[in-house]
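The two complexes that follow have subunit A in common; it is paired with subunit B in the first and with subunit C in the second.
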Partner chain A sequence: MRINKTILTIGLPALLMFALLAFFRQSGNAVEAPKAPPAPVAVDSTKCIAQTEYMRANHMKVLYEWRNSSVREGNRVFIAQNGSRFQKSLKTCLGCHATNRLFCFNCHMYANVRPKCWNCHLSPMETP
Partner chain B sequence: MKKVLMPLAMVATLALVAYVGVEFLKLQFIFGVVIPYTAAVLFVAGFLFRIADWLIRPVPFRIPTTAGQEKSLDWIRRNPIESPHRAWEAAARVLSEVLLFRSLFRNIRAELRKDASLAYASNKWLWLGGLAFHWSLLVIVLRHARFFFAMVPGFADFLDHADSFFDVTLPAFYISDAIALGAITFLVARRFFDAKVRMISLPTDYFPLFLIGGIVLIGVLMRYVVRLNVMPVKDLMLQLMNFGFDPPGEIGTLFYVHLFLISVLLAYFPLSKLMHMGGIFLSPTRNLCNNSREKRHVNPWNSDIKFRTYSEYEDDFREKMKKAGLPVEKQ
Partner chain C sequence: MNKERRDFIRKTGLGVLAGICASSGLLPKFSLEETVLPAWDEKPVPGKIRWGMLIDTRKCLNECSECVAKCHFVHNVPDFGNRKDEVKWIWKSSYEHVFPTSTQQFRTSDVLLRSYIAMCNHCADAPCTRACPTEATFKRWDGIVSMDYHRCIGCRFCMAACPYGSRSFNWRDPREGIKLASVDYPTREQGVVEKCNFCSDRLVRGLIPACAESCPQKAFTFGDLNDPKSDIRALLESNNTMQRKPELGTKPSVFYII
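And then the complex of A and B:
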C-alpha cells in the first residue's frame, strides 16, 4: 500500500507534466527557423534606417519593436521607408555605426543610461 | 463642482500658455531659461522666508500630542516614541512621521450604518495612498538628478536602476511612474467619492493635485509615448545648473509644458499647503519633548513679577499677628 502511494504522488504529477509538455509543444506557435539574413541589397549607408531626427529620440523604440517581432514572431527583416531591407539585429546598427566605437556610448554616458543589451549582445567595444 | 473645475481649468490653461508660447510664439528662451530661474528664486526665497518666519515664533510651552505614558517613576513603563522625553526621542518621532506617516496609520473612519448605528473602523487606505504618492514622487525627483549633473551622484544612479528593475519595454519602464499615477488617481478619487472629504475639499486642495498629476502625466507621455531627443534637454539642464543664459536647443514643445508646470509648482509652493514639506519638521505638537513635569518652562515674554514670600509677610505683620493670637513661625 505504502509503495503504491509513493508511486502515485510522484507518478501522477510527472504524468501531468508530460501531458502539459506535449500539449504545449504541439500548440505553441511554431516559429520558422530563421532564414539566412537578407541578401545584402545595395544599402544607402549615408542615411539611418529612419529619419535622423526620429532616430535620436526613438531608436530604443525601434530596437524594442525589432527585438519583439524578430525573436517572438520570427519576422526578422525590416523594410525601411526607402525600400532597403535590414536584418533586425543590433549587429545591423553597428554595421553602419562601426566607424565610431563610442557612437552609442557617447550619448548614453552623457544622458546616464546604461542599456543592458551589451550584457549579452556583442558590444561595439568588443568588435575587432 | 466649481471647486473641482476651476483648478482643473487653471492647470489646463497653464499648460496651454506654455504650449502656445513655445509652439507659436517661439518663446523658448522665456519658458526654458527666464521662467525656470524666476521660479527657482521664488521657491528658495519663499521657502526660507516661511521657515524663518516659523522658527522665530516662540513656542513657550510644551504642547506635544501624546498617545503614550510619559516618563514618570522608574517602575512605570513609559513610551519613548509616543511621549518623548529626550530630544532624540522627539527626533525619532518626527522622522517616523515624515518617513512613515505614523499618525495617518491611526486613521479611523466613522460610518453611519443603514440601521442608524455609528461604526468606527480602522482605515489604512489614505495612509497607503499617501505613502505611495510621496515616496514615488521623491524617487522620481531624485532620479531626475541624471538630467542635472554631468556626474550623476551614486544614490540617484542606484535609484534609477532599482526603479527600472523589471527591465521591460524600452525605454525601460519605471515602477515609480506607475505607482505615482495610481496614487494620484486614488487621492483625487478619494476627494470625489467620499462625501465627507468632498465637503471639506477646497480648490487649493485640488489645484496642487491636478498640477502634480499634469506634470507626472506629461513626463510619462514624454518617456514612453511621444519621445523627444534627450540630448538638448540635458544641455539645457546642465546650463541652468551653471547659471548660464544661452538659448536652449531644439526641444519638443511638450518638454516646455512639463518645465512650465514645474516652474508654476515651485513658485506656488511657498504660498500653499505644500509648505507642509518644511512645516512638518517644525510642528510643535510633534517635535517637542513631553517634559513639563520634569522641567519648568517659563514663558519668555512674561514681565518680571515681584513675588512676596510668606516670611516677608510675617516680618511685616508679626507684631499684629501676635496681638491677634495668630501663630507665627519666627518669634
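And then the complex of A and C:
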C-alpha cells in the first residue's frame, strides 16, 4: 500500500508534467511545422552518390580519388552510376550528411581510426 | 518492357519526385555550396589558359587595405598579431620592398611614397614547384601555382626557393588565429606552408579573385594572359608595365602599372 502511494504521489505529477511537456512541444511545433509531413531526408537515395553498402566500405577510396583528381587535374565532376552528376567536394557529402552531427565520428570512434580531415575541413559538427 | 526503358522511367520518376520535393521545401536547401554544376564540367586542357593579374598602382590608395582584409577573410588566413607567426597571402609594402632590384634613384616622390600590393606571382617558371620534394606545390593546367595541402610535409624548401617571400609557414594551429571564420574555404593545419591560390576556389564558382572584387578603386584586372582579346592583354598592350624581379627569369603572371 505504502509503495503504491509513493508511486502515485511521484508518478501522477510526473505523468502530468510529461503530458504538459508533450502538449507544449506539439503546440510549439504546430506553429512552425510545414504543411506536408517531414521528408525522408536521410534515406533519400536520389541524392547519394552510390549505394550505402559501397560507401560504407569504400568512402575513403572515393574521397581519395576525388581529392586527387579535383585538386591536381581539375576534374571536379563525378558521374554516378545512375548518370547523375556531383561536384567532387566534401561539401557535396556534408550537404546531406551534416544533418547527423555525429555522422563521421560515430563509426570512426568505434573503429578507432583518426583521419585528419577535420584539422582543416569543416566537420559535420561544425557545418552551419 | 526492356531494362533500359525501366531504368529511364525509374530515373525520370525519381527526378520529378526530387524536383517536387525540392520546390515544396521537403528537401532541405543546402546550407553549403549547391551540387548543381556550372559550365566547367570537362577535364581542363593543360596550358590553354594562363591566369594573370594586372595592378594599376596609380589607383591604389595608401590608407586602404580592403583587398588584404577580404582575401584573408575569404581564405581563413590567421592573424596572430605578431611578425614571427605572421601568415599572409596578399600584403602592402613600399616600392623598395616590392621592387628591390628596380631603379630607385630619382624616382618621383609620388612613386616612392605609394604603397604596392604584393602576392604570389604564379610564376610561369616557378622555382618553388621545383624545390618541393613532394609535389605539394605544383603548376596547374591554368597557370596557377597551386598548393595541395594534403601533401605538404612542412619542409619549407619552397619558402627558401621563392624570391618574393610569397609563402608563409603555419608555426601554430591557424584556427587559433581566425577571429571570423569563412565557411566557404577550409583552414590549414599546423606545419604546412600556405600562399595565395589566385582564388582558384572562387574561379570554379565563376567569381573573380576576392582582392579584385573588393577593391573600391578597381585597381585590379584579372584575366587570361593567353587570350589576346582579354582585358588584361588590352591593358598590357596600352600601358608600360613591370614585373617583380624579372631578371630572375621566373616569368611572373602579376604585372604592375607604375
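Criterion: the second predicted complex is superposed on the first by the 81 of 128 C-alpha atoms of A that agree within 3 Å, B and C clash if a C-alpha of one lies under 4 Å from a C-alpha of the other, contacts with A are read in each partner's own complex, and residues count from 1 in each chain.
In this text, a contact is a pair of C-beta atoms (placed from the backbone, for glycine too) under 8 Å apart; a residue touches a chain by one contact, two chains touch by 3 or more.
Everything quoted here is computed from the prediction, not taken from an experiment.
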Partner chain(s) touched by A:61 [first = subunit B, second = subunit C, both, neither]: first
Which superposed partner A:125 touches (first subunit B, second subunit C, both, neither): neither
Contacts of A:75 with subunit B and subunit C, given as first, second, both or neither: second
Subunit B versus subunit C as contact partner of A:112, first or second or both or neither: first
Partner chain in contact with A:102 - subunit B first, subunit C second, else both or neither: neither
When both partners are placed on the shared chain, which of subunit B and subunit C touches more of subunit A: C
Subunit B versus subunit C as contact partner of A:83, first or second or both or neither: second
Overlapping contact positions on subunit A, where the subunit C interface meets the subunit B interface: 67, 116
Residue ranges of subunit B touching subunit A (in the complex, touch as defined): 146, 152, 157, 160, 167, 169-171, 227-231, 234, 252
Complex contacts: residues of subunit A adjacent to subunit C: 34, 36, 38-39, 41, 44, 46-47, 67, 71-77, 82-83, 85-87, 89, 91-92, 94-95, 98-99, 116, 119-122, 127-128
Of subunit A, residues touching subunit B in the complex: 53, 56-58, 60-61, 63-64, 67, 107, 110-113, 115-116
Subunit A-facing residues of subunit C, complex: 11, 14-15, 17-18, 21, 24-28, 30-33, 35, 37, 40-41, 43-44, 138, 140-142, 146, 148-150, 183, 186-189, 204
